[in-house]
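Have a look at these structures, which come just after this line.
Here come two complexes built around chain A, the first alongside chain B, the second alongside chain C.
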Partner chain A sequence: MKTLKMEFYKIKRRKIGLTMCALMAVQFLWLIWAFRNPSESERLQGWLGTLYSMPLINSIMMPTIMAVLASRLADVEHKGNTYKQLETLRTASSLFHAKVFCGLIFIVLMFVAQFTFLILFGHYLRYEGQPDIGYYLRYLLLSLICTFALYLLQLALSMLFFNQMVPLVVGLCGSMLGLILMYLYNWNFRFLFPWGGYISTMFVGADWDQNTRIMTYYYMETTENGFLGHGFIVLWMILFYVVGRILFTRREV
Partner chain B sequence: MNSIIKTIRTERIKLKRSPVWLAFFALPIISAFFGTFNYLNNLELLKSEWYSLWSQHSLFLCYFFMPALIGTYCSYLWRLEHTRHNWNSFLTAPVPIFALYLGKLVQAAIMIVLSNIWIFLLFYLCGRLSGIQSAFPVAALEWFVCGVIGGIVICCLQLLMSLVIRSFAVPIGIGLVGGIGGLLATSKGWGLNYPYSLYSMGMRANKPQMELDLMTFGIHAMGYIIVFIVLSVFYLHEHEMAAG
Partner chain C sequence: MPTQNLIETTDLTKQYGKVICVNQLNMQVPQGAIYGFLGPNGAGKSTTLKMILGLAKPTNGSITLFDSPVNEKNRIKLLADTGSLIESPSYYGHLTGEENLRIIQTLKGCPEQDIAKVLKIVRLEDARKKQVNHYSLGMKQRLGLAAALLGFPKLLILDEPTNGLDPAGIQEMRELIRTLPSSYGITVVVSSHLLSEIDQMADHVGIIRKGELVYQNTLESLHSHAKQQIAIRVNHLPIAIDILHQRGIEPTQENDYLLLPMVDDAYVANLCQQLVSQNLSLYRVEKREKSLEDIFLSLTGKESSL
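Entry: the complex of A and B
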């Protein structure tokens, strides 16, 4: 707890919260721009359409946002060259956990803000009916797990490499892979990439009618592949946590 | 002139054996692989051969990722000074501040040229491997040159950001956001008024047959370059650069 408290002291006035707010604001602006004038059919299926669109937007933005967050939290130690001193006061493991929890707090706050925005925005656009809270909470939980897994990966990289270019480039490549995997809709093994988690756990599908130019959304049944997708995001999270912790605690400072 | 050459050489020495080029090598490969895959899977819709292939190659790379990637490189260039008290030795070097700045800018511009060569080489190879038999479009030379100019605009802007914002990661986030904003600006027809759009416009990302008034494009690009260079040099002159 003390180490976690120290993390917040360290990042005081580093404007990490402001950076995250700004990046999330861009995501919200993107949504406002994309959905500002819904047609009648879009309004009828608005709540479903949101659940279809959000994993796609998260796939593009979240890997880079997580790279930025992890880099900001880890870089404070690189710049100050504080690892040696800190590890004489606290165990390396507690320092790692403090960074993990600190990041997790930011992630939870970001997704709570996103969730609230989606609900308010849907009501503002007068989407038909009410959001299916069960499915919305499922989206929230899955997104949190995917994002947290990516954060753990990025944190491990940011703590291990002094040159922050490496983790940031991994984040960017992750964003690009996420975007690409989105288009490989016939490929069943997207869950094999941690950045494919948002897409492989999607539970809303869409049919595009070329003649009417109307998109019809529907809830998909969870197939064997879907279960694998869900399993894999948890697996990635555990793997990145365990490997990151081992590598961080056993390295020479 | 002599001092500018010296700073360019110095910057090159600082970057020696640094793996920063790897990102510029890797990201276009991902984009080219996916673009070609998508092109081959949609041959019944994409009938304009080289032009269709280019639309698939360039879309995501130019809009979303090159601005952020350029941001990464520019952040790295200034990070060398932001860490380990290097500002002291950097600013006391016996060369004008403009030359110091130009040393950084030239390195970033060289990387833009090299990565564009790599992007077009991949485009050519993927086209031939996809079975496109027609001649390589001459217009690609124009896309290349305009792309480099647009890239240099982003370099100037990102160098300014990374100079002012001492964080390594934040300017990269801004670069990603800027790229996404560029997509919106271009779709609204405001591309020339938004510096992040110039790279994708110059490269004709996703719109290989787009008509671009080269004179207007050049004037806008030059305007941005001059403004960002002046702001950066002014900042270096006037602001106290605390080394830390």
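Entry: the complex of A and C
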């Protein structure tokens, strides 16, 4: 607990919270811009449409946001050469866990903010009916797992590499890959990439009618492939945690 | 009663690939000592100290701290009574000096009042509210020492603590280190590649060369190795050698000088008279002392820096 408490003390004046708020604000502005004037059909399916759009937006933005978060948390140690002192006071494993939990707290707060924004924004746009809280919570849980997996990957890279350009480039490439995977509708193995988790676990589909220019959203049944996608995001999370922890604790300062 | 050793290493070895950085090192640091760990750059000093602190894993051998063999399970517990400053100081530049110390104090679990005490010891009280990024190198080094002193540990391990300091800073750091055993009962291990520095601070010395501990004893004992000789220079060495042989002295020749064992002043005066009476021109009579530098160089090799 003390180690975690100190993790937050260390990032005083680093404005990490502010950076995360700014990045989330970009996401919210994107949503505001995209859904600013909903048509009647969009209003009717608004709550469902949000569950369709959010994984796509997350898949583009979250890899970069996680790269920034992990890098900001880890580079305070690199800049001041602090590991050689910290590891005489705490085990490397406990230092690793402190960073993991510190990041997890940020992620949870970000998704709580996103969740709250989506609900408020939906009501502001007068979406028809009420959001299906069960599905919204499912979206929240899946997004949290995908994002946490990406954070663990980025954290491992940020803690191992002194030069933070390496993890940041990985994060940006992840965002680009997320964008590319969005267009690979028919490819069923998007879950093979950790950045494809948001899309491979989507449970809302859409049909685009070219004539009426109306998008119809619908809940998809989880197929065998969908189950694989769900399993893989958990697998990525466990894998990045285990590998990151092993690499961090075995290295010499 | 034999003095207790706070650190004991047995056959401590560290190998990176095919390179052996530390080779079967048996270090013994007595309680209350200022142990100067001396050796040229790259001799294995930092690696040894890192192994003692658990920052590097030994390839072979064992370490005993405070009479307990160190292992992965008890390492942090044993190090609770240890402070360290390895190579360069560790700090968070965006935090103030005081905030930096608060992190260490919280993690060490020592009293909050220690922060003010150590800041006073290293004379950083006035800069405690300043961000460390704005500190000079000397101030950062002092902050590193303050962090190491938090909790007033039984053992302090300082790796090249005067690196990067100006002459006044070096002197200040030395004086501070010298007072630690008597003022706070702290045993200090201080590494350096500078013999003069260790000579001025330490009372025990370990000399490491290419990963091997080539000398370990009190500094006093190292000083006793210093050998005094008389060097004379004349215009015709063979005649002088004959005269010395007649006197039962076996001189050694070094360049244009003859070196004889230390003799008293009257003997030197008498010898000089005899040399002059044999029509030799006596150019020089000097007292030579094998300095600590010579001893250090003979132990560590001529290529080593001082």
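Everything that follows uses one rule, which is that the second predicted complex is superposed on the first by the 253 of 253 C-alpha atoms of A that agree within 3 Å, B and C clash if a C-alpha of one lies under 4 Å from a C-alpha of the other, contacts with A are read in each partner's own complex, and residues count from 1 in each chain.
We adopt the following convention: a contact is a pair of C-beta atoms (placed from the backbone, for glycine too) under 8 Å apart; a residue touches a chain by one contact, two chains touch by 3 or more.
All values reported here derive from a predicted model rather than from experimental measurement.
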| item | value |
| --- | --- |
| First, second, both or neither for A:Leu168, with chain B first and chain C second | first |
| Which of chain B and chain C A:Ser71 touches, first, second, both or neither | first |
| Touched partner set for A:Leu179, first chain B, second chain C, both or neither | first |
| Which of chain B and chain C A:Lys12 touches, first, second, both or neither | second |
| When both partners are placed on the shared chain, which of chain B and chain C touches more of chain A | B |
| Touching partner for A:Lys79 - first (chain B), second (chain C), both, neither | both |
| Shared chain A surface residues [contacts with chain B and with chain C] | 14, 79 |
| In the complex with chain A, residue positions of chain B that touch it | 18-20, 22-23, 26-27, 30-31, 34, 37-38, 60-61, 64-65, 68-69, 72, 75-76, 79, 83, 167-170, 172-173, 176-177, 180-181, 184, 244 |
| Residues on chain A engaged by chain C in the complex (per definition of touch) | 2-3, 5-6, 9-10, 12-14, 76, 79-91, 252-253 |
| Contacting residues of chain A [partner chain B, same complex] | 14, 19, 22-23, 26, 30, 33, 60-61, 64-65, 67-68, 71-72, 75, 79, 163-166, 168-169, 172-173, 175-177, 179-180, 183-184 |
| Sites on chain C touched by chain A in the complex | 50, 53-57, 75-76, 79, 82, 84, 86-95, 99, 102-104, 106-109, 132, 147 |
